[in-house]
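Read through the structures below before going on.
There are two complexes below, and they share chain A, which is joined by chain B in the first and by chain C in the second.
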Partner chain A sequence: MIGASLSRWTMSYFAAALLALLAAETLMASGYGFPFAELRSVETLFLVHLVALGWLSLLMSGALLQFVPVLVARPLYSDTLPLPALLALVAGLIALLGGFLQLDGRLTWAMPLLPIAGPLLGVGFALNLWNLGRTLWPLRGLPLPARFVVIGLLSVVVTVALGIVFTLVLSGTTTNERLIQLTAAGVPIHIIAGLGGWLTFSAIGVSYRLLAMFMLAPDVEGWSVRAALSSGTLALALVILGGIIAVCHGLELNTLLAAAAVLGAAALAVYVFDVARLYRARKRRHMELNSRMAGLALASLVAAATLLAAALARGSLSHDVGAIVFLIAFGWLSGLGLAKLYKIVAFLTWLECYGPVLGKTLTPRVQDLVAESRAAKWFWLYFAAVWLGTIALMLDATAVFRAAAAVMLAASVAIIAELVRARCLVEVDAANRLPAGAHRPRLFLCVSQQT
Partner chain B sequence: MTMTYIDLDVRPILRAGGEPFEQIMQTISSLEPGKGLRLYATFEPTPLFHVLGSKGFTHEAKSLDGGDWEVLFRPTSTATPDQAQALISPNDDSEWPAPSQHLDNRDLDPPEPMVRILAATEALKEGEVLSSLLCREPTFLLPELAKRGHRWRGGFEADGKTYKIVIRVGARREAMA
Partner chain C sequence: MSTDVKSDLADEVRNALRTVIDPELGFNIVDLGLIYSIAVESDVALITMTTTTRGCPATSFLKEGARESASTISGVKTVDVTLTYDPPWTPEMMSAEAKKYLGVADGVGW
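Then we have the complex of A and B:
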């Protein structure tokens, strides 16, 4: 079929991801992990992977299963693979977190969990990569936004491969000299490939198209997008390929990282310039909540890049890195994710429920599924708490950070409640809720009616 | 495996303001198995990517000097027409009647264009044709059209900004009856 339909398991990915977000925020609010523990402590590892894998990677995977078909106007290669992939990812995440608890001594279970976690996560990511790859593969001359996603997918391969090496070394499964060296020095590569390549690059690709779609703006194409793509790709290649070679030969990473930072900053500047153009060129005068809140996420990205530049200039990176990573994870990626979820969940629910009867009978509009003015307050509260949390981290005010995390948790719970209300059609007045032929959506599963 | 290509240059037709669609479809249907089509056009012919994609062709587009495009269409041996692809008749290169209704949905907020088009198709009789202008590719509309048994041809106009879709109502029901 030409065009894209609903991806069956996307809602299940979103649900699992949101649970991980709540768990991570609960831990931060209760004083677990960085900044209450060392940056390199096992507690911090636990928290970071709950966020990066449980929340952000599941969110991104679910979103890509739905939106890669939209980017290339082709159906997803397989509707069956996303479920086993999700199960493998969740099982892998649980094993990984359990493995960290074993390292910490908090979990005394004889079976070593880390060596199981790596392969499980590998299988989960591989199934989704295969599915998305087969969707993209037959196309030559991919649209530019889809090329960002391709780079993102290549980066996740590196991230997971390095992660698997780390689990094998940390669990003592291997004592290979090279792999131990890679584990000792390769952590920055793992983080940059994950946060920068997989999550940020994919988010940039998807956002180019989604922002244009939702704001009725002409797609941004041409030299600037190409410049952002090539400069960003080069930055990632320097870090990943150059970095791995450097680590294996026992060389310093700093020069390489600095060169990559300049290229990455250039890519980011062009992207922000493009998105600003997009906002200006929009035909939709009244911006919806998701577009307004995406603006706050972009502002967080710019702030994180500025903080990074300042920290490099002052030589305070080792102190500020936690705050910067926090702002990227929660201000930029989570902020954008939550903002887009607010639109995507309502739209997919609308299409699933009313698609079969559109044009045949009067149906509610997408806007009728949400209550933007109420949700807006929670989003503002979320972003304010993230920014306060970032400042608290920079100033080592751990008590303030804990309070900020608690507010983030409350705001997230409220935003999720809004998503559930949209999914359950609570906002739609009862008389119009379910016209004959429309079907009631299930909470965690999209059912696209086939004829 | 090297693929041999039949060349087709539709630039003269396009420059003369003509519509080369019929000729392209004729060339495609007369291709021997295993052969591809090398097409020259004055713009990137995205509409064709989808039409020929549904017939099991992949494409590789390359811009040439002077703003022209060269596109290689290759039949995929692995292409198995899935259930949905089968909804589009492989020989749907017939003449369609002139559209009996035109919609300009370019300035509407999504998904209003989709709602309007589906409402309009409900009001038309079998075999009637509707045309609509949009400001982007209606990705989510197409599966709905397929489910309802309508056929469509769509793509960006030469300006690259306006997407024109032409829908023939109930053509599948007609063909299956």
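Then we have the complex of A and C:
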């Protein structure tokens, strides 16, 4: 079927995710949450979940619905499930954020929202997991990048399950002693499973394939990818399985976390080595903006790992953890996400608009839908602001952090404007913009056209 | 139909396929080496093609685009497009012109 490979709701996931990014950056620029409030404060919880769930998880979910089929060269199991999943995720996020405001006393609504939020988010993630799982399941011998995604999907199960436990305990719905114990000591497991397992592992899997595809480089396969996969998986297993057992028995987590950090660092080192090989082996000598900016995101990941090692060596982790998590969330994951969105939105828009008239008339290229030289400066500004914000957090310079967050917001607005321009075909020469048979794409919805 | 006429028709089909671009690489599918063979038997054009990567979201559009453009050739009534990944595509299969456009050095495969 023509256009069957376009995921109908991916653009809607991206739109919701970008709104959450702008909201989070606005809050940071206005002095809400860490570092203006305590790391464990309700304000920080609100901000962190707006970023992790609203921005990064919706972005990753939308991207996986489009790219898991590319990874395994077979269509998505269901094109119907992504919409109810998106609705459940957005409703669950709103309920969660509302629940935090109830804890803070800023929202006085009789109905407790936290116990509703957990199940709603659980349903949303479960629908997408089922859909992606059924797409992957029939294959035996999954390609290596897809195995990273599988680990990412298993990690989100743990992250969400722990999150549901936390909402039940925090709202007073349960007084089970084990669950209270898990809530008190299990936050590092929740964070590592979410940022390290779900988001980073999935990003690594997708990036192995996308970087090779977009730079015209041979796929990286073999011992190094297997080494990254196995040491990273072992690190996650130590944290998640070992961590939960340790917490339930009242044991200290530090030794486990240190062992996992060594394994995780080894996995990241091999991944960085592989990606450097991909860049060197690329056949396309002129790199597109998305590939150049992915390099800056990767540099942020390396910097975050270096800062983590330095903080562990100096014994300053409790002070520096906010800066490190910020750099992972905004330099690595958000930076990579924005860089790849810049390519993916143009590519999907091209497929939707010009795919159906291919062979019937002359069509523009994907590159004609964007203006890279103009967008490049917004990306540089974004990364510069993230790096400045990281330094500000390490030096406790809150005013500088606030200024950096404001610049991040401005750069993000400009990048989003570039995405909207691509979606609206503004950059395409007017004479070739809408040849006979082509339809202007809708902003938030991919419509597969039959010819 | 004589062999020469069939050969001319195959050439015409090949030229028509040059109007179909790979959206990502921005170059036509013939010079990118994505067309493995073209044969015309009676009034049926048989095209064997590939894509640069397995699972490419543009695959169905490229196949349909090849069919559409080939069917514009007079003397071709039916077009049969077969997709194959055997052998898998490599940059070595590109024409000199496509390699120059993408900045790929000569003699370079995977």
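In this section, the second predicted complex is superposed on the first by the 446 of 451 C-alpha atoms of A that agree within 3 Å, B and C clash if a C-alpha of one lies under 4 Å from a C-alpha of the other, contacts with A are read in each partner's own complex, and residues count from 1 in each chain.
Definition applied: a residue touches a chain if its C-beta (ideal position, glycine included) is under 8 Å from a C-beta of that chain, and two chains touch if they have at least 3 such contacts.
Just so it is clear, the structure is predicted and the values come from calculations on it, not from any experiment.
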{"item": "Side-by-side fit of chain B and chain C on chain A, or clash", "value": "clash"}
{"item": "Contacts of A:K360 with chain B and chain C, given as first, second, both or neither", "value": "both"}
{"item": "Partner chain(s) touched by A:R285 [first = chain B, second = chain C, both, neither]", "value": "second"}
{"item": "Partner chain in contact with A:Q66 - chain B first, chain C second, else both or neither", "value": "second"}
{"item": "Touched partner set for A:H249, first chain B, second chain C, both or neither", "value": "neither"}
{"item": "Partner chain(s) touched by A:P218 [first = chain B, second = chain C, both, neither]", "value": "both"}
{"item": "Chain B versus chain C as contact partner of A:G141, first or second or both or neither", "value": "first"}
{"item": "Location of chain B clashes with chain C - one stretch out of 21-29, 57-65, 75-83 or 129-137", "value": "129-137"}
{"item": "Common interface positions of chain A, toward chain B and toward chain C", "value": "1-5, 69-70, 73-74, 212-214, 216, 218, 283-284, 347, 350-351, 355-356, 358-360, 363, 365-366, 451"}
{"item": "List of chain B residues in touch with chain A within their complex", "value": "50, 53-54, 58-62, 72, 76, 82, 84-85, 87-88, 107, 109-112, 114-115, 117-122, 135-144, 146-148, 161"}
{"item": "Contact footprint of chain B on chain A as seen in their complex", "value": "1-5, 69-70, 73-75, 138-141, 212-214, 216, 218-219, 283-284, 347, 350-351, 355-356, 358-360, 363, 365-366, 448-451"}
{"item": "Chain C residues within the chain A interface of the complex", "value": "19-21, 23-26, 52-62, 64-70, 91, 102-104, 108, 110"}
{"item": "Complex contact set, residues of chain A against chain C", "value": "1-6, 66, 69-74, 212-214, 216, 218, 283-286, 347-348, 350-351, 354-356, 358-363, 365-368, 451"}
